[in-house]
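The same subunit A turns up in both complexes below, where it pairs with subunit B and then with subunit C.
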Partner chain A sequence: MPEWSGYLTLILQGALVTAQLTLFGSVLALLAAFTAGLGRIAPWWPLRWLATLYIEFFRGTSIYVQLFWAYFVLPFMGISLSPLAAGVLALGLNVGAYAAEVVRGAILSVPKDQYEATVALNLTKVQRMRHVILPQALPLMLPTFGNNAIELLKATAVVSLISLTDMTFQAQIVRAQTGSTLVPFAMILLLYFAMALVISTLVRKLERRMTRGLEGVR
Partner chain B sequence: MQWNWAFVAEITPTLLQGLKLTLLITLLSAIVAAVLGLVFAIARRSPNRLVARPVSFLVEFIRGTPLLVQLYFIFYVLPDIGILLPPLVAGVIGMGLHYATYTAEVYRAGIENVPRGQWEAARATNLTTRQTWVHVIVPQAVPPMIPALANYLIAMFKETPLLSAITVLELMNQAKSVANSSYRYIEPMTMVGVFFLGMSLVSVVILRWLEHRYGRLGK
Partner chain C sequence: MTAPIIRIDRLEKAFGALKVLDGLSFDVMPGEKLALIGPSGSGKTTILRILMTLETITGGHIEVCGEQLYHMRRGDRELPADEAHLHHMRSHIGMVFQHFNLFPHKSVLDNITLAPVLTKGEPKAKAEARAKELLEMVGLSDKAQAMPSQLSGGQKQRVAIARALALQPRIMLFDEVTSALDPELVEEVLLVMKRLAAETDMTMLLVTHEMGFAHEFADRVLFFDKGHIVEQGPPEQIFRNPTHERTQSFLRKIIAAGHRV
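== the complex of A and B ==
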């Protein structure tokens, strides 16, 4: 019987890396989503065009290709990224492209008379977004954002292929060293599932908080 | 390092071979996902809790865990209990199973959209459960969902590079082996990206046509 406690620590260290990747990736994805989502409905056409290009490009190519490109091709252009940075960059930009469409859809689904009311009340554009549109659009985005975060968590497994020591990578090491396959893989499957459950619970809580006070509005 | 067109011309046939396998894998897994997804969707609605509950859990579990790990599981763990699968088969099963949990949700939406009266009419005309599903519900539930299903077909196409991790020689793996033997990464990786972008642009056109042909849900 091998020393399981040592291997357990190894996998838990990997879990930490996976959690980090998910967290940083989500933050970047959120930023990218709002930038591109708002860019797509901007009144200025070059901005719209740029946002569309970004979204179509990142949704059209596979995340693995993007990851490999960030890690293997960018160094040849003089940009050397650590595996973690390459992972966060590719994951964040990829999921951000999907989330950008969610942002756009949610903002456009706010009824038109809300816009007209802000014009009538002489609010500035920033005030309109901050106080009227976003508070109504955010609760619409949240459930899909939750799904996107889970997709991001699942996509982090791929970074093991660019030698980042995440949970999947560590499981492969344990497999190579112990020859046991069932234990490490079953274990990380359960850990991934647990993380996905944490995300969906958090999102549901956040959703409840955000919709507070909105009853009867919609 | 500079972009080299001669090198691109040299590697294109190898990459095209990979692309062919990628398309084959996508097609086979799509069939698995389409069939298995319907089975999952119907099983989850089963009045027998001993069927519905475990299937629900299984679907949630598969959807909450990464496809890569599932592929490893099928490829490395199953041989221990005597099931030895060739990489391609393992890949198709893994991907089909994973996406079946997504298509199951699509089917569920389609099934819930069949008017209640149809169920009642089936009962009134004394159809068996099997007959109700085969002749009444499924023919009405599936066609409106075809565009949504096609969406997942595109998603699957983009996930095929994962199979390179279990030694299937698809597009990504061909590119990697070319890159590793020539120490040139820019051309193979960029070409893979171009192929994927090209294929998804074509599939978007097909998707538009499907949406036009079968219409959206609720129209």
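== the complex of A and C ==
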């Protein structure tokens, strides 16, 4: 009978790494998504071009390759990242590229007459975005953001490539040492599921708060 | 003699190959109440939208409050207006839309105070005091905290009028402000506008299909067809003794459709 409590600790340590990757990666993804999403509809073409380049590049290449670059290739350019930082960078930028299209789509789906009212009230471009367009676009983005965050959570398993000891990596260690596949993998199955549940619950709460008063508008 | 507050000079507007306005000219005097009438598609909305800088123009000049709307003087050169110039010019003009365009995520009070606070830097308390006065004027004192989705169409439009007035523009544009309303809600909005017209010296341009209201409201009526002014004059003349055949047939059709004249 193996020493399960020790192995459990190992897996929980991995869960912490996975949670960190997901949290920090999501924050970076959010920043990247708004920067690139707004960049895509900016009135200045170099910004649009840069944003498009970023989005197409990160959607068009695999997360596996991006992670490899972040950890093994960037040092050759003088940028050495810790495994966690490299993982967050690759995951955040990858998911951010998908979420940027969500930001752009939600902004464009705010009815045109809302924009026209802001012109008639003489708001500046920044004020229009901040006080009228984004507050109406955000509730539209949230459900997809939730899906994006769960995608990011599931993608964190690739980080074992750069020797980060996340949950999946630890489960494989436990499996190798105990010969049991069922126990460690049942454990991480539940843990992944629990984390996903936390994400979707949070997003739903946020959504309910943001759409207060907006009932029956669309 | 006072100068016109709006001078439209050989204005041209095309949407792609479709020329909607082709050399349109007219002036509006300060304080004048103008009704723009004419068949659908004759360019009335386009004129108001151009004045509100919601469209670009393809030719001609517009002067508002003594300054070019779509052009700037730089030395002796004339350049297309940039965003800063448009921003400056828009402070003279307000607009009320057919579909109200209230901000659904903001309360009635916040809809009204948003622009004064943001664009004029008014203190929130002052903007709110003024908003409450305006709400009283449009008969909605009890709705300050309501969300737009809780209002009827007529109430929404009255809030939209209050919102536009809060910026105290010298010129107000009304584009068919009652045509999206159920018939029984039209009167409450017209009543507010009649009072407004009587009580202020604001210049007003009104596009409408309510001929009875235009008659009562306007100092001058412009009848448009295909982007041109066919006939203009005091309401009494246009509605009782129109001289052009096209004006006559338009008014006949409107009456047949059940509108009062």
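One rule holds in what follows: the second predicted complex is superposed on the first by the 217 of 218 C-alpha atoms of A that agree within 3 Å, B and C clash if a C-alpha of one lies under 4 Å from a C-alpha of the other, contacts with A are read in each partner's own complex, and residues count from 1 in each chain.
Throughout what follows, a residue touches a chain if its C-beta (ideal position, glycine included) is under 8 Å from a C-beta of that chain, and two chains touch if they have at least 3 such contacts.
The structure presented is a predicted model; accordingly, all values stated were derived computationally and were not measured.
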Which superposed partner A:197 touches (first subunit B, second subunit C, both, neither): first
Which superposed partner A:64 touches (first subunit B, second subunit C, both, neither): first
Contacts of A:124 with subunit B and subunit C, given as first, second, both or neither: second
Subunit B versus subunit C as contact partner of A:113, first or second or both or neither: second
Which of subunit B and subunit C A:136 touches, first, second, both or neither: second
Winner by number of subunit A residues touched, once subunit B and subunit C are compared: B
Partner chain in contact with A:154 - subunit B first, subunit C second, else both or neither: first
Complex contacts: residues of subunit C adjacent to subunit A: 52-54, 83, 87, 90-91, 93-95, 97, 99, 101-105, 107, 114-115, 118-119, 147-149, 163-164, 167
Subunit B contact footprint on subunit A (complex, rising order): 57, 59-66, 68-69, 72-73, 76, 150, 153-158, 160-161, 168, 171-172, 175, 181-182, 185-186, 188-189, 192-193, 196-197
In the complex, subunit B residues that touch subunit A: 1, 61, 64-70, 72-73, 76-77, 80, 158-162, 165, 172, 176, 179, 185-186, 189-190, 192-193, 196-197, 200-201
Residue numbers on subunit A that touch subunit C, as the complex places them: 113-114, 116-117, 119-125, 127, 131-132, 135-136, 213-217
